[in-house]
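Next come two complexes built around chain A: one with chain B, the other with chain C.
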Partner chain A sequence: MRKKAALRIIISVILFAVIFFALQRLLMPKYMTESKEGAMIQEYYQNAGDNDVVFITDCEVYENFSPVKLWNEYGIPSIIRGSAQQMIWQSYYLLEETFRYESPSVVVFNVMTMTYDSAESVGDQSKMEAYNRMTLDGMRWSKSKVSSIKASMTKEEKEKSGIWSYIFPILRYHDRWNDLKEEDFRCFFKQDQVTDNGYLMQVKVNPVKDDYPRIPLVSYQFGDICYEYLDKIRLLCEEHNCQLVLVKAPSLSPIWYDEYEIQILDYANEHDLLYINCLEHLDEIGIDWNQDTYDQGLHLNVYGAEKLTVYFGQILRDECLLQDRRSDSSLSEKWTEKTRLYDQRKERMEKERDQEADIQP
Partner chain B sequence: MKKRSLLVFASLMIAALLMLTACGGSKEPETSGDDSSDQGGKLVFLYKDMEIAMKEDAAPILEALGEPKSYTEAASCAFEGLDKTYYYGSFYLYTYPDGEKDRVNMVVLCDDTLSTPEGLAIGDSKEKVESTYSADGYNGVNAYVYTKGDCTLTIIMENDKVSSIQYGAVFES
Partner chain C sequence: MSFASVTFFVFLGILIILYYALPHKIQWVLLLVASYVFYLFAGWKYLPFLVFTTISTYLGTNYISRNAEASKAYLEREKDHLSKEDKKAYRAQAKKRSRIAMILVLVVNIAILFFCKALLVDPFLSLAKGNTSLSFLTLGLPMGMSFYMFQSLGYLIDVYRDKAKALKNPFKLALFVSFFPQLVQGPISQFTELEESLFSEHAFDRKQIAFGLQRMLWGFFKKMVVADRIAVAVQALQGEEYRGFAFFILMIFFAIQLYADFSGGIDIAIGIAQVLGVKLPENFNRPYFSRNIADFWRRWHITLFQWMKRYIFYPISVSKPMLNLSLKGRKKFGRFGMRIPVYIGTFLTWMGTGIWHGFHWHFILWGFLNCIFIVVSEELTPAYEKFHSRVSFSNKKGYDIFQIIRTFLLMNLIQITDLFPRLSEYFGKVASLTYVFNFHILWDGTMTKLGLTGTDYIILLCGVVLMFAVSMIQRKGSVREQMLKIPCVIRYGILFIMIFAVILLGSYGIGYDASAFIYNQF
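Our next item is the complex of A and B:
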């Protein structure tokens, strides 16, 4: 009798857990059609392993470098661990996690991230909280994720439910029941891939119109916390025999001030790091601001990203001495499939763009 | 026995419901405009008798200002809406999206043809800044920063002269 009772209680608890976690899964945003950036972090796990290059940080990498192009031009397998407004501590913990899945030879870090040292530097805190969720919810549970959550939470998040809303995201998303969309049901078990090895494709063309104003700042000094985490990233790379390459993507806004450049050059010189400021190589890259951007020079579209990738691949090959691995048949097979999906996505998006243009007067 | 297991299951469900209703979180955390630094007055920029206050609806202001000399826009990563910058020759006006509306985010004076409502202009001396506003806002390096309500007035100095005057919206940290 007692055994039966215990069994019933166990079944009740299991049933409760199943309903609870199913509900939680349903209510969590899937980021399939809007804010696709929120789906990027979790996509990594399907593509992890055997990448020689890992790009980390924010939109200045995930919209400007194309891993599929890098493979097809140079035979260098790569992946982007990017997310919207990724803060440097998040980059560090993502990288720490990445080294548990693979052993890249090169890590490419975009230095614009050095200009964001707090939630306030991003704007209003509700945005920062949303950005936090997009980077953190998609990570698998590990010590790195816990540390990243602790380092990232805004003041309001800490005061409200703290880490508990990350452990049980239903605490954060319970009022989404009214906003559930078709994708919440369709992607309950498996989400669509929104990127190509971390690259978020854009095909529209929206040329640069005017220069972005260079408003004077009170301080151009990178925050101490940014240097602290850049040091950690550098040491982590050293520990894993991996070359850290600093890069400034060719984005025209936010402004990359000369005072920023000096600080990065000093850091790169001090630690003997390769630093490429792509803004100084626009002609070599071949960027045409009338054709190669989808948002007036903030990010590149796929045509610009492919040009930048061809340029940057030469550096990876010649200066980082990465080998062409296209003769590796299993790797080649994997990337042939990735290329097929990439081309398919490009074709579909171009078609949609053209149809949209036909509809508009 | 059946009753007991039903009771356990029901208790768990009630506990979960209580947990969810108790937390009372909103879909997007609310931003509050005011803080303890509000001393009753407010900091606004005046242009041809038109008050341009931070976080105000930008539409009527932009309409009154007319065609800008130049315009740029920037989408926030992952969010709908655009951060917009309008250039009117002697000042820049920045807006940020807030639902259906654009709100004033920043006003930056570009030259000495304009001054603040209190009479400070680019090129003025450190003494004038302190007599016009106060010495309290000095950051000890190169700027005077005054916050009242939704606005921060930042006056950047170079060689003891005002080199930039900026009104910026205050967002809760």
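Our next item is the complex of A and C:
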């Protein structure tokens, strides 16, 4: 009798766990067609290892630099660990995790992130929570993920669910049953790749129309917490014998103020870091704001990103002394496949864009 | 720590394992530690209030007990030397000392409760709040204060009345005062009811644990799926523009919310206690099936109204001055005069209950309306009986249903005062029922502008139907006992559906404004 009862309990627990985790998997957003940024962090693990350059931070890297182009032009293998509105502490913990998977020679950090020192500085808190989920849900469980969650949670998240909703995401997405899409079922076991080694391709063209106004700010000072984490990133790179390169991507908005530039220059000089402000090299890069942006200068499209990558690759080769590794056959084979997928994606997206343009009056 | 949190489940899981794994002798110690840990989660700054009530009750009850024992011993020792009058005088003296001790502890604790309710929570008496920089004014009401205080003071009075023994072990008293499942919103236990199951040893009982967990599950369903979902519409419908039939809908929605929230919380509390082998008193008995207001209050928040009756109503209505008044009244006004002490007792009990809810006129109106309805109903009872003896339909089922619906609507009219601190607004809305006939809100899209979607209404409808069905089944006895009779696969299927209904349909987490238990604030 007792044996029977024990068996009943064991079967019930197993059945419960299976249903629970299946539902959890189903309800978690897959980010395949909308907000693709949410799928990028977990894609990293399929492409991790043997990358010489790792780009971190937000859309100013994952929409502006093309690793495939970097490989094809210079033979430098690279990857982007970017995510939407990635806060500097998230960049730090992602980098910490990255060093467990590979040993890059260069880490490229986009300095615009220094302007966001708190969840509040981003604005809408509900959006911030969504950004947190897009960065954190995709990370594999590790000490870095736990630390990143703790550092990132908004006030509402802390009050309502704490870390539990990250451990059991069903607690966050429990009401998505009403919004399930075809992709939630299709990608139940395996998700599509939405990026090319972390690069989120855009092919549309939406030229810059007007100058963005330089509205005076109350304060231009980067927050202490940003410096604290920048120091941590720097020290982490030093610890792993890796060069940290600071970069300001050529995005016209949000405005990169002179006061910001001075602070970054001071920091770079103080710690002997290479800093490239791409906004000051637009002509050398060859950016044409009528052709190379898909959202009026906020981010580059693939044509602009390829130009920027060609320019930046030369710096990586000349200043960081990165070698051309195209002679490595296994690596080359891998990147040939990546290039094929990249070209395929580009072609498909261009076709879709052109069809869309034909339909529109 | 909210009951509806993963942290609480982890806490409870650890407690259950330790509770049954460690020697059963120390189970009550573990419960005490767990209760204080649970309380500390609400904030350490609330702890002094709980500790003070415990210590003052301990000192009070032990003084009363020692005083009674000493006087008894003295009288026994000196029985041959004292006259009858001397003995009587000595007893009276001893009783007086005990009474003074009891009153002292009562007054100090009630003063603290009133102080906290008035200054820490209630804006009505906290006019000074804006002008003061005292940080404790921003504390909020210490969690469960009313409930643990009622329980402690009831125990104190019972010891004074020699209906309960004073606990010699202060830690056992601390557990009785702070037992965590009932700390949030009751039920309020009497010491004599709880003593045995709280302090005795409990062996692992699979059936009791399963029943406890099932009761918790039902509570979570009511709270998270029904109460917290409908809360959004209740909030919206309080707007100035919603009058007439919209106000009627608000009454119905609020009745559902209040019942699902409060009884859900009580189900969770009783379920947790049951898992730990402790039997808490029931606090609800299908209240919306009541046939009159007095009946309603015998079925709703049962333990509070038993407390009020035991410690306020009876002491007032059977006190010496009241008995004298009754005699005088009978001579002058007959039956009505004889019942004057009952009216006074009823009035004071309801006013006390109203004020306990908060220092707002609408709570006082709430108490007053309850008092009036009950007194009028009682007074009209003979007339009703006479009428029913002559009219045959009084025995029919239809009349029963009429009584149930009438009581439900009357109670809604009273309960809804909770939502309107401005009495003029309340009376205005009630009056609008008589001249605003905006039934079109049912189909003109208004209902979907209340923060609820069509799916939400379907979920609510299913939830309410389920609650109704469970109430109907309860008439034949325990639902869980009846469930044992159905095949195991179906039973487990039902439980799985309920668990996943709570997980998937519950209104919690980001994007939801899941409220704390309504009665938590009292």
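The working rule: the second predicted complex is superposed on the first by the 353 of 361 C-alpha atoms of A that agree within 3 Å, B and C clash if a C-alpha of one lies under 4 Å from a C-alpha of the other, contacts with A are read in each partner's own complex, and residues count from 1 in each chain.
By our rule, a residue touches a chain if its C-beta (ideal position, glycine included) is under 8 Å from a C-beta of that chain, and two chains touch if they have at least 3 such contacts.
Everything numeric in this text was worked out from a predicted model, so none of it was measured.
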item	value
Per-residue contact with chain A, leading partner among chain C and chain B	B
Chain B versus chain C as contact partner of A:170, first or second or both or neither	both
First (chain B), second (chain C), both or neither touched by A:137	neither
Partner chain(s) touched by A:216 [first = chain B, second = chain C, both, neither]	first
Touched partner set for A:295, first chain B, second chain C, both or neither	first
Touching partner for A:162 - first (chain B), second (chain C), both, neither	second
Partner chain(s) touched by A:129 [first = chain B, second = chain C, both, neither]	both
Partner chain in contact with A:13 - chain B first, chain C second, else both or neither	first
Contacts on chain A seen with chain B and repeated with chain C across the two complexes	5, 8, 12, 15-16, 19-20, 126, 129, 156, 160-161, 165, 170-172, 174-175
Contacting residues of chain C [partner chain A, same complex]	5-7, 206, 455, 488, 492, 496, 499-500, 503-506, 508-511, 514
Parts of chain B lying in touch with chain A, wherever the complex brings them together	1-2, 4-6, 8-9, 12-13, 16, 19-20, 23, 25-31, 70-80, 85, 87, 92, 96, 108, 139, 141-143, 145, 154, 156, 163-164, 166, 171-173
In the complex, chain A residues that touch chain B	1, 4-5, 8-9, 11-13, 15-16, 19-20, 34-38, 58-59, 84-85, 118-120, 123-127, 129-131, 134, 154-156, 160-161, 165, 170-172, 174-176, 179, 209-210, 212-213, 215-219, 253, 295-296, 298
Chain A residues within the chain C interface of the complex	5, 8, 12, 15-16, 19-20, 23, 126, 129, 156-157, 160-162, 164-165, 167-168, 170-172, 174-175, 177-178
